[in-house]
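Inspection log for the structure reproduced underneath, given as structure tokens.
So that you can tell them apart, the chains are marked A, B, C, D and E in the order they are listed, and the count of residues begins at 1 in each.
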Amino acid sequence: MQMPFFKPLSRFAAIPRIPPQVLVAAIALMLALFPVLAHIIDTPFYVTLLTRIMIFGIVAVSLGFILGFAGLVCFGQAAFAGVGAYVVLIMSDHALNGVPLMTWPFTIQSTTSAFITWPAAMLVSALVALVIGLIALRTRGVYFIMLTLAFAQMIYFFFINLDAYGGEDGMRLAERSSTSGLLNLNDHVVFYYVTFVILALVYIFLRRAVNSRFGMVLRGSRQNERRMAALGYSSFRYKLTAFVIAGAIAGLAGALMINHGKFISPAFMHWVRSSDIIAMVVIGGTGNLMGPVLGAAAILGLEDVLSGYTEHWHLVYGPLLLLGVLFARRGLYGLLTGRGADND
Amino acid sequence: MLSVENLESGYGSSRVLFGISLSIQSGEVVTMLGRNGMGKTTTVHTLLGIVQPTAGHISFHGQPIAGLQPYRICRLGIGLVPEGRQITPNLTVEENLVATARGPGPWVLSEVYRLFPRLKERRRFMGAQLSGGEQQMLAISRALLTNPRLLILDEATEGLAPLIREEIWRCIWELKKRGQSILIIDKNIDALTQIADRHYIIEKGRVIWQGSSAQLQAHPELSQRHLGV
Amino acid sequence: MTISLFIEQTLNGLQFGVMLFLIAAGFTLVFGIMNLVNLAHGSFYMIGAYLFATILQRVGAFWVSVLLAVILTGFIGALLERVALKPFYRRPYLDQVLATLGLILFFNELTRIIWGPQPLNVTLPGALNSSIPVIAGISYPVIRLVILAVGVLVALLLYLIIAKTRTGMLVRAGASNRTFIGALGINVNFVFSCAFSVGAALAGLAGALAAPILAVEAGMGESVLIFALIVVVIGGIGSFRGAFAAAILVGLIDTFGRLLLPPLFGDISVYLLMAAILSWRPQGLFPANG
Amino acid sequence: DDTIKIGFIASLSGSQATLGRDLLDGFQLGVDSLGGKLGGVPAEVLARDDQGKPDVGAQAAQKLVERDRVPIVTGINLSNVLLAAVPKVLDADRIYLSINAGPSELAGKGCSPHFFNVAHQNDTVPEAMGLHLNQIGVKNLYIMAPNFAAGKDMVAGLKRTYKGQVAAEIYTQFGQLDYSAELAKLRSVKPDALFVFYPGGMGVNFFKQLAQAGLKGEIPVYTVFSTDQDTLPGIGDAALGIESTAYWSEQLDNPLNKKFVADFEKTYKRIPSPRAAMGYDGARLIDAALKQNGGKFVSADSFAKALRTVDFKSIRGDFKFNTNNFPIQDHYLLKVEKDAQGRLVNTVVKTITTAYADAYAGQCKMAHAKP
Amino acid sequence: MTDLLQVDNLTKRFGGLLASNALNLRVAKGETHALIGPNGAGKSTLMNQLSGEIAPTEGKIRFKAQDITGLPVYARTALGIARSYQMTTIFNGFSALENVMLAVQAHQGHSFHFWSNARKESSLRSPAADLLARVGLQSRANVLASNLAHGEQRQLEIAMALASEPELLLLDEPLAGMGIEDSAQIIQLLETLKQHHTILLIEHDMNAIFSLADRVSVLVYGTVIATGTVDEIRANAEVQKAYLGAKQEEKGFQHA
């Protein structure tokens, strides 16, 4: 019954350990300097790739927050991001065509301004998360997973049937959000740094949150919900709050995503995409916030490399995923730092 | 029938048993005594192959059993009443009993129902719905129904009401009269000294004393020092 | 809606339902009982379909091909359990989900390499490939009636085994007390391996029966997988009765939903059903095991 | 650089994978038939899988132009993927040459001097079918298609020429597997005829189920793009007798085509589909245009000019680009029959239109746009 | 004597089984009230209804004269009821101190703080440290809860229950699975708690009951068949027949 053969990789003593603070600083520094480096060695494409990785990193961190600290395995994080993307798209579309967002009971004109559309994306995603959370958080474990999956699929089909905005085919964003002339978002490097700053802010905020009183309540209810109630906590409210925060952050990532790729289709909101996000979190390491970012980088990077070699790259990627889960129990973060959950 | 020599084992990297040796003859009732966390349950688990021994020998009826799968060891004739009851929550009482029953032998369903009429009343209940004490009765009955040559009771009277506990001692007494070999771990030392033939005191994964009930009673300082009585 | 349309749709719904049950039953065995979330269960469905199509091309006899495909799929299931899934029994759900997601990708790619991207053509021999009048005015495909019959038969058989036999008890006892059931003389590993490969075989059966109706192609497992998952959850994890009831319910709702509801609601009817049922009963319809 | 890189995106997995595979195989055969060179320069085809998903296709296109720096991208089979991916190519000032998908959006107002389609504009093929249905006197037509860009184009094209009544217009989910509910509905309506557009795996499912339900004999079925060699082997005999319109067939009788079909069969052991044919044509068109420019891709403008002006012999016979860079070509009525070896093939029944242009060219306002 | 807890006509039905059967119970302020009875009599079920984890079929529960029958668990805790479980339930991933800090935080009720580091807040740390000291765990404050010995975990659990400064402590078999030494330690702890809290205690360990309890209620088949002082209960013939056995337990088997 013992399984000595499958010793977790992180137990092997030979791997050098990096202190978490050093790791975080190194990653931040590397991200901050990367465009300069890319410019020097003339590989601007990697600025685009890294922007993408950071955007997915934001989605993954938002999931890592609720998954690792509140134990909420949400199969709809990509859908929240998708909603955010559609909000920016639809608002911009209306603004560019001069069609008001609504005319009754009063008229609201739309805008392409990032200062309005991005918060709007967060708000709408948060609202969607609120509604879903109110229902799904009444269940636990696999039932919760399945309910979030069901709601994500409903969102997916909602957009498939939204013919006015492309339906199944998706829709293009004609131009990136405007910033009142502050920044030129069309510039790859500017956009890169905008993404980087947002990722950093999200990371810092969540990092504070998980160690705050609120975060302690989340961690407690992940470990023992029954006990939390006996202590006098209504876990539901805290989990719902966390769920909504995660939804809002994913929505913000969606706003970045549509600006980055200038295209969104419902396919992005399919449950399989959400499972990609989960893979990022788990492969990166649950129970801390840098893990999901590492996971996003590892998975998107691997995809980029493998798919360059062969169209049959899934043949390699699939088993790699399995082996990654099997051996790196605490994820890349655990592998690098020797730390596991709750040591953040 | 059972002989254990220099048994060592543990969990992961932490060592718990440091060379346990003991033996049980046919028809004997033997106890393991000791304070919390000294390795009594671990010894039992190692005997049954639930925990793998890292050193030492175990033989049952002359056959070496160290390293065998638990189900094989059980089939050789060891019936376990595990610590913490470990009954199956999603089977009914009767299914819990039938699922692992094994013949031939004196123990059949009607016989255990005679022993614990309460179980008969509850036989259509799910295991999870039983009270703590009822679960304990179920665990004992389940072990008896495997018709074991050696019965192991690990804290089998824990959480039982005094009346029932009394009933269990009476039952063990009866089993002993029928020639059943039994290994008991329990906190009720007074009861044990009356029922058992021999005792082993375990401390920090070693046998630090062994002897008969009379010897144990003759040395109250032993109990005081090693058992906290 | 005319009576005949109603009857035909009911048959369609029931047929889809039993199909889902065949897949969900295996999933329930593995998930509800051994506590293993095997998303690659849909791959067995696909493998069953491919094997059936390949064998049928060689052999030509329908039932022989079904049987062979089912046995082979069961065998592949046993192999997979041994090689890849054993270490995951004691892992959290999340690890299982990801690992088996990886397996899905692997199997899809492997079938694509072996059989190519072209869907396989399955032409049924003789009478199976026709339709027969069920009641006045409606003829219905024979193969769909066969599926219906086989599904109901398997459901009955499973019910008897699970509810009435000692094996059934052990299977139900399942993961809840793995260690101590073992210490009481049961070879739990063996029981689990058997249950796993029976589950795989059932999915293979579903695949073989679906092959004549649907395109046999890589990735065919995932679309049914989600519905099978929904069935398991609506029914209550680990409950066969629940899975059967839920499968029929889902089959009917989906079929009629697509006919009667506006497109959006037709598409999401099953998801709505699940959300409604779970917010009413968070443990599904039949929460107890059995 | 002494090689020319061609970015090639197509559905290599998913329900449309046979289309992607045929496009790629045809294109590769075209390159191979030219000695592995295009315009006299060694060619490298960078094939990418879009999985049938627009966002994946767009992502692939971006990578091809930004990282691999390919001057020309081609391949995409699905219109919705194309619509998402093409801007990535055009924004980077490269050429996109479509060898299959021909959505209306890119033929009219959204046309571009750097976008070409050597295969078809989606609407034209069902337009030909509409004409045929009028000729044979269909009065009450039941229409089914998947709910995505091409599906909508197909129905729009059909309805542009078809004069009879429409009994019902049903859009199903893209990638739907089981059509039993829709078939029951169809049976209850009892129309004169059925028109469907179900490419790839969807077609395999649909036609098999149609036959099993006993509806195939009862209601005549007409289709476009759904009973070609990329789906036909999957459907099997259930496809026998179904009529479709197309601008190319494996049975088309001209020497260039005969050589292509024979070469393709020899290399890939199967009969080519129109996708394979257009892949082949696409490779040869690129070759011709590059040759005209001396084997060099200097700029998108100069290469586009070459594409428009080069004298290019298509294996389908008469072909030329319209002002919107979409083809002007003939359309035929095809019918699924068995050939001498008992294989299912699309025989040419008759010609329906000649030198037919799409309906959108007039809306295309490009600088060069004078016929 | 005022009654802190009043249970009237409480009935809980599990299918056909009456786990609580028109049960009446009074727990007076300040007393230590023991609940004994045969296995399956419905003691834990009563406890669960008092704490709010399961809802009664019928009947009323009043605490400090307020009807709490329909309140959720956390709301009852806020009113001053705390419990320990028959099976240890603590936060295994936290240190002993963090376990208690979380309990203290619950009592303070300010948990929607997102920014400052809770582990460094002295308003949480010092009360938590005091509580650990009260149960005798001060030296183990930084040990991960899962690494504590069984007895220590029970002590920790009691410390957590105390954090809410409860008026009523519900203790379900606090001595279960405990060695003789550990038991003695817990009994000693309960002796001191007695002075400040009202306690409702379930135990099968008669020595503990007889040394701790002010009053004892005997539960049989979901009904209280007797309530009285320790001596009254010990002498009660019905109780002997239903629960204690004719003689004191340990000697029982001799005549077999």
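Definition applied: a contact is a pair of C-beta atoms (placed from the backbone, for glycine too) under 8 Å apart; a residue touches a chain by one contact, two chains touch by 3 or more.
Quick caveat, the model's predicted, so the values are computed rather than measured.
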(request) In contact with chain A and with chain B at once: which chains are those? Just list them. (result) C, E
(message) Of the pairs A-D and A-C, which shows more C-beta pairs in contact?
(response) A-C
(request) Look at all chain centres (mean of CA atoms) and spot the one farthest from the centre of chain A. (result) B
(message) Counting only Cα atoms for the centres, state how far chain B is from chain D in Å.
(response) 76
(request) Take the average of all CA coordinates in chain C, do the same for chain E, and state the distance between these two points in whole angstrom. (result) 48
(request) Give, as an integer number of Å, the spacing between the C-alpha centres of chain E and chain B. (result) 30
(message) Between chain C and chain D, what distance separates the C-alpha centroids? Give it in angstrom.
(response) 36
(message) Quick check: what residues of chain D touch more than one other chain, meaning two or more?
(response) 12-13, 147, 173
(message) Give the residues of chain B touching no fewer than two other chains, as numbers and ranges.
(response) 50, 70
(request) Could you list which residues of chain E touch at least two other chains? (result) none
(request) State the interface residues of chain A toward chain C in the complex, per the touch definition above. (result) 1, 3, 6, 67, 73, 135, 138-143, 145-147, 149-151, 153-154, 157-158, 160-161, 271-272, 275, 278-279, 282-283, 286, 312, 314-315, 317-322, 325-326
(request) Going by the contact rule at the top, pick out the chain D residues touching chain A in the complex. (result) 12-13, 47-49, 53-56, 58-59, 62-63, 66-67, 79-80, 83-84, 87, 147-149, 173-174
(request) Spell out the residues on chain C that touch chain B in their complex, using ranges where they run on. (result) 166, 169-170, 172-174, 176-177, 179-189, 238, 288-290
(request) Spell out the residues on chain A that touch chain E in their complex, using ranges where they run on. (result) 205, 208-209, 211-217, 219-220, 223-224, 226-234, 238, 241, 341-342
(message) Taking the touch rule as given, give the residues of chain B at its contact with chain E in the complex, in rising order.
(response) 35-37, 118, 122, 125, 129-134, 136-137, 155, 158-166, 169-170, 172-174, 187-188, 190-191, 194-195, 227-229
